[in-house]
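Encoded as structure tokens, the structure appears first; notes follow it.
So that you can tell them apart, the chains are marked A, B, C, D and E in the order they are listed, and the count of residues begins at 1 in each.
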Amino acid sequence: MDNIGYYPGCSLLGTAKEYEQSIRHVFSKLGINLIEVDDWSCCGATSAHATNHLLSVALPMRNIILAKKQGLKSLFIPCAACYNRFVVARYEIENRPELRKKIEDVLEEKIETDIEILNMIEMFQRIDRELFLSKRQRDLKGLKVAAYYGCLLVRPNGVTGFDDPEMPSAMEDVVRLTGAETVDWNFKVECCGASHSITNMTVVTTLSKRIIDDAVENGAEAIIVACPMCHSNLDMRQRNIAKMDSQHKSIPIFYLSELVGFSMGIDKEDLGLSLHFIDTESVLARFSTAIVAKE
Amino acid sequence: MADIISIAKSIFENQKAEMIIGYAKATKEGRTRPVVVRTLDEVKELVLNSFCLNNLSTYLTRKENKGKRVAIVAKGCDIKAIVQLIAENQIRRENVYVVGVKCSGVRRGFEGHDSTKIAEKCITCNVKTPHLFDELVEMKGEELPGTDEKAESIVKLEQMTANERFAYWEEQFERCIKCYACRQICPLCYCERCIADKSMPRWIETSPTKRGNFAWNIVRAFHLSGRCIGCNECERVCPAGIPLSLINRKMAKVAKSEFGYESGMDPNAPTLIGTYDVKDKEDFIR
Amino acid sequence: MEEYVISLEGIKGLLENLTREGFNIYAPSKNNDRFVKVKDIDEVALFPDRRPTDISAKECLFPKCEPVFYYKREKNNVEIVDIDPNGNKVLFGLKPCDAASFTIIHKVFNWDYKDKFYNKRFDNSLIIGLACTYLDDYCFCTSVGLSPVSTVGSDILLVRLSDVSFGVIVITDKGGQLVKRYPQLFEKGEPTKSKQVLDSIGGPARKFDHKKVKEWLDNNFETDFFNSIGDICVGCGQCTFVCPTCHCFDIVDEDYLYSEGRRMKNWDGCQFYLFTLHASGHNPRDTQYKRYRQRVNHKFKYYVDRFQEVLCTGCGRCSRGCPVSIDIGDIVSRISKLS
Amino acid sequence: MSDSKFEPKIMAFVCNWCTYTGADLAGTSRMKYQSNVRMIRVPCTGRIDPMFIIKAFESGADGVLVSGCHPGDCHYTAGNFHARRRWILFRQLLKFVGIDDDRVFFSWVSASEGKKWVDVINEITDTVRTKGPFVNYQNLNKEFTLNG
Amino acid sequence: MMRIGVFVCHCGENIGKTVDCPKIAKEAVKLPNVVYSIDYKYMCSDPGQNMIKQAILEHKLNAVVVASCSPHMHEKTFRKACAAAGLNPYMCEIANIREHCSWVHDNVEEATKKALDLIRMTVERVKFNYPLSEIRVPVTRRALVIGGGIAGIQATLDIAGAGFKVILVEKEPSIGGHMSQLSETFPTLDCSQCILTPRMVEVYQHPNVKLYTYSEVENVEGFIGNFKVTIRKKARSIKESLCTGCGLCVQKCPIKKAPSEFDEGLANRPAIYVPFPQAVPNIPVIDRTVCTYFKTGKCQLCKKVCGRDAIDYDQKDELVTEDVGAIIVATGYKLYKIDKKARDSLVKGYGEYGYGKYKDVIDGLQFERLASASGPTSGEILRPSDKKQPKKVVFIQCVGSRDPSKGFEYCSKICCMYTAKHAMLYKHKVHDGEAYVFYMDIRAGGKGYEEFVRRAIEEDRVKYIRGRVSRIYEKRGKYIVKGEDTLSGVPVEIEADMVVLATAIVAQPEAPKLAQTLGIPYDKYGFYAEVHPKLRPVESSSGGIFLAGACQSPKDIPESVAMASAAASKALVLFGNEMLEREPIVAKVNENTCVGCFYCKKVCAYNAIELKEIRDKKGNLVKVIASVNTGLCQGCGTCNATCPSKSIELIGFNDEQIYYQIKAL
């Protein structure tokens, strides 16, 4: 069994519980052992990066040091915000010797950054296609979805180095393995409003509505995300959008791992699909029985 | 996987090569010797075990073997040398039939070396399953103990002052008797006339004096920089016990850290010397 | 031959006294690689059961390189400065196979030309042998007329009786005088005791008749016997450099500075391509099997023809250290069976 | 020789097109620098063999300078790029055997940088003078020499 | 036995003031092999030179060291003087005691010591000099021009006009290049074809020009003055000598729907076609990938209608060789196709602009065809999708250019100007239309260029928005262009009818392949590298190969033409003599010791290392070793330093010379 380090981050224990649940189930099915970083702490993505630069770099470094001590060679970070914080902090450490010294002094440890940091999509990219397909029990053929990346996975592109910052396509490749179709749409990386969800909800509802509308307009029945922040804005705030616009057509928002898990025949409860604000059954019901016989 | 003898037989039966360079039992237990097998009858001599230390690729560049179809038994580390030889136009891929050895590590050496321990090069080996071959054979061997003390020695040397380092190497090189065994055994020292043997002008003094030895050992290391594949044969054969692997490995380390380069991995990859990047680091240049 | 007994302490005392007399003591180094000048007499250890040193003791009298003379150039003048290899040496703890080597190469250094460097060093040296109890698959001293207890070449030979006591067999006048100079260190010994020890040592397992080797070599110069050796020998020549009897050297002039230079005498060996390379580019021994054939012939035929000595003491160094496991003992014993 | 009187011997290997010409410019501009340097002109830094540096030390140099065209300026397109790669390796090798950056120096001096040439020479002459004679290497030379 | 003379020059006071010249002359004669030495006030003067000549004869000198100024000053002078006295000029070496000694040091003692050291080092060096003679190579006085765009045409006409033969090779069926596709040209708005066509015809009719169209350079051997070029004449399927260009076959061809290359896919052409009406030569070509006959074996309509029986379906590619002395590379550029995002491509692409997805998102050359009177719309600006007149057009500059994160780092140089031109042409043709231009900076450096852009903004009311576009998507028949106006700091969205992208100028995709054939360097983008960016901008590092036009970097027409004329004049300089003469400072291989590792070949910037087979008397191959092409070798000596066994040495700066120079330190 492959061992891969795992840093859940705070969201996955709270608002994104279903993300965490689905990840655990999917990867155990794929034979990958997720080893949680012992004593992990905040990554600094919430407010540290805006209020205290030193802290925002020291926090991820602390976690990287812990992971290295555990002998981990790769670290899977499902939360896009955490992922972004880790890669940005690592970039800074690798490119600013004086900062590295400062952080090393703060942490009283030597920093080694030779650890591979993987986001949700990169994790799936590692999976052998044949293995993936062999675990698939439901063919989601006919399901039209829009893959939504948000901002944190692909930007700043010079730092994350992941996919095309304006027109990414990696998530689509994963989604298609489930049998679902991906729609060609325009708002893959547009802003969802992010943490304004709390401070200025109108911003979020306006921006998120545009995203959902464009997906619907291009024929999507659901949106796939790989970020707890995106999910909460698109899923939770749809009710508010509906209040704003009576014509609004709600569509469910899935985590990538949920969709993959569903195609692998994992129980909907196990995937946490009942925890969504927008009903998921409307699009999933038609596949519930369509379990592909395993050879 | 077939054993080495049946592989050898099929090489001759299917006329894949005119000769096989392999290992045979030496006169003493716990030791092997290189052997060149040319007929089906001789095939039975071949053995394969953890005493197969020699890097046989050094025989590929012999004048008398040039242009012939030669089969060779080669461990991953030895294959790195073959790769490098191909990259340097010394042999042609189609002329060498590589019987790659899936290897679990060989011993540190014969007489005068601790043969109960695993060779240091095996500890950091990244080609236990060969990366270029025509056919694979498995070497069955037991787990051997051993640690990579040289890696620590390199770090220790790096941390010394320049004077201390100079003194260290002065003492090491002083022992050199200029037998050039290091060069003779080296698969990549294939020059017909080594610079050490060039007399007009005589860049490297013939005498095994301190200064002649210093010059020779620096030049040897430099000419192998970015080429040495770390088979460590030079150190094994040095009758004066000079720790040549320290200097070879240091240069490999530099190649890796400065250029991300590792020799002997891909015959089609550009060589380290002979190419350049406009972005090569130049912080030391005024 | 007179016999004495000396204690371990006594040996150290002897070496201390000799140092005071102005002798430099050369003994096997700590890691047994070669003979080195002893800095601290307490560190001298006597291990009759240790393997021969990696490099033989010949370098004490015939160093890997030595200047023959210095010269200074100025315009059209050359000034020569001669060198006198002075200094007294004690070669201590030589195995009989090392000690015997000097008797053998002494002949070539005193043949048509008397090598002043070798002779001066030899004359100024005292050779203290140590009967050997080490045996391995490569040793074959008894096949070349020697033995682990051979007295050939030593001035005195030590025989280990116990951890703290050694028998002393006096062989030469030099050795006799040594005992006379320090009588307090030597007790009159019981020959029987040393003899018992000597008898118990035995000899190496490998045995062949070197006369048969010569007989075959006399008649078989053109032969394919050496072909398979030529296949694998890499011509590193370390067999010649570690050998106690190989004595070839090369003379070269080196301008080490703009106006100063030296004529150097350096070890050379028949296994090198360059050894016989002519200025014309022709090389009579152009392939490795020819060079290996030369080595065997020189040791077991040519030297015997000229000096009635086998140019080999059976120490086994060349085979032990050969990077490609060529075993000369095996080769010559196979030859001995051919005739 | 007492330390105060020690004058280092500096050997410089320079390319014909940039540094040699730059040094010419220093001359025509009548700039002044210390006289310890002895220059050897080669067509290109690509021609500078590591053997030159070793031979310079064997010949008693206390410091060696290697200098050529700035990257991209090479008269022969890429000679200095090849040279630079060689130096990166060779410098690390020298360091590893105990010959540090205060004995071997590298610089880019273009044909217009007469001033830079002067600065480089003064700087390295001072560095080597402070460092003292290259006793380590000269001791290697002493073995088997007339006055050794 | 060397007999060396040392001549010490005072250079008036220049050397004499700080260096004790008489003293060093006295000291020099004490050096080994120095048989004569003298000092004199001005060695370079006639009396000085005569002293040297006389001494050579009187003292039978076979080598000379002159201690004087920099060899860059008078090496040639003194070498000539030696030659006049019968001494091989390469037996004379200079010790620079002026620039490197007397002028830079004050202390007489120190300077004198240093001067003597320099002389000693030079004396040691000259001992290992040996007589050399200039290398002379004959020059074939014919030129090859690769590429029949405006640059190639210009170079061809210049050389042909000077009276030398020129071979022009064009890979397309007609010469003319991109310029023939353009509607009007900035900043004068004159018709591109009107000014180009006469030159195309001139090329065709010039007695000194041999034209190969639909042909490519397959192989190049040799070196400056002596190239042997193999040209592949691709099968046109037409016997050129018979065709009159009547065009009947083109009219009758039943296949009508092959996308026209010339019209950038905006119109169609038949399977047998002439790229455009003014094509030179006016001979059709059969596109075998679409022709019915080649696909099914039936049809042959063209053959039936051809009165001259010029159609030849069995025609094969033909290889011809030509000997030339100089080569001018003018292969031009391509537009970056932003929809094709290859995984291994240098850049990430601009999928978010919808090029290739939306028919009305077009690139600059497509717009040229729309605006061209000879284009598919006869010059009317119509949307490709529905042929309606677009009322709002957005032009986006720097698509792929100046974008290190997604595109190329360099500036494509001509887009600012042609975008202004496009917007202007659009406004001239659609009076009620609105034109928007998104730009990063306006780079209008050139005669009349800035004025031209101002005219677009001020007279033609083109709306310039400083900012980048993040996305283009279709919404209810309109193209929503989302961007930012960075001057006012607000996001902008424009509902456009058509979008024109000024995509980056990129090198021809086959440029690296041709570079390797020619042995010339190119940058990471595939643009050919000039040997010196300032002083030798039209020469490649390989002797005799020159560059012209946009194959070297993005260029507009006047620049391409200027560069072409410059390249032509470089070729003409070469043709000025029948023989080439050059310094004999070249590398030489020791064939006995070379083992053929070819590290020398890897470091050689001039492709001067060739393979040589060494065979024994029976003809068996012994080894393959390096060999120096003295025509190509420029004498940098990098090979010498790289060779581990020193089996290749640079004559004139060989190992012995330098070794003994160092030793005399």
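To be clear about the criterion, a residue touches a chain if its C-beta (ideal position, glycine included) is under 8 Å from a C-beta of that chain, and two chains touch if they have at least 3 such contacts.
Just so you know, these numbers come straight off a predicted model, no measurement behind them.
Which chains contact both subunit A and subunit B?
For subunit A paired with subunit B, the chains in contact with each are E, in label order.
Ignoring subunit E, which chains remain connected to each other?
Once subunit E is set aside, the chains that still touch form these groups: A | B, C, D.
So, comparing C-alpha centroids, which chain is the farthest one from subunit A?
Farthest from subunit A by mean C-alpha position: C.
Counting C-beta pairs in contact, which chain pair has more, B-D or B-E?
B-D
Suppose chain centres are the mean of their C-alpha atoms. Which chain sits farthest from subunit E?
Using the mean of the C-alpha atoms as each chain's centre, the farthest one from subunit E is C.
Please list the single chain whose C-alpha centre lies closest to the global protein C-alpha centre.
B
How far is the middle of subunit A from the middle of subunit C, if each middle is the mean of its Cα atoms, in Å?
Result: the chain centres lie 76 Å from each other.
Roughly how far is subunit C from subunit D, centre to centre by C-alpha average, rounded to an integer in Å?
That pair's centroid distance is 46 Å.
Where the CA atoms of subunit C average out and where those of subunit E average out, how many Å apart are those spots?
A distance of 69 Å separates the two centres.
Residues of subunit B that touch two or more other chains: which are they?
Correct list: 195, 203, 207, 209, 211, 273-275.
Name the residues of subunit E that each touch 2 or more other chains.
Only 592, 603, 642, 655, 659, 663-665 qualify.
Would you please write down the residue numbers of subunit D that are in contact with two or more other chains?
50-51, 55, 58-60, 72, 78, 82, 86, 141, 144, in rising order.
Could you list each pair of chains that touch, in label order?
A-E, B-C, B-D, B-E, C-D, C-E, D-E
Touching residues of subunit E toward subunit C in the complex: what are they?
These residues of subunit E touch subunit C: 30-32, 120, 124, 592, 663-665.
For the complex, give me every residue of subunit A touching subunit E.
Within the complex, subunit A contacts subunit E at residues 157-158, 164-167, 169, 184, 186, 214.
What residues on subunit B touch subunit D, complex-wise?
Those residues of subunit B that touch subunit D are 157-158, 162-170, 195, 203, 207, 209-211, 214-215, 217-219, 221-222, 225-226, 247, 250-251, 254-255, 258-259, 272-278, 280-282, 284-286.
Report the residues of subunit C in contact with subunit B in the complex, numbered from low to high.
On the subunit C side, the touching residues are 31, 33-34, 51, 54-55, 64-65, 137-138, 228, 231-232, 234-238, 240-242, 250, 252, 254, 256, 264, 266-267, 269, 272, 274, 287, 319-321, 323-327, 329-330.
Using the touch rule from the top, collect the residues of subunit D that touch subunit B in their complex.
Residue list for subunit D touching subunit B: 50-51, 54-55, 58, 71-72, 78, 81-82, 84-102, 105-108, 120, 123, 136-137, 139-141, 143-144.
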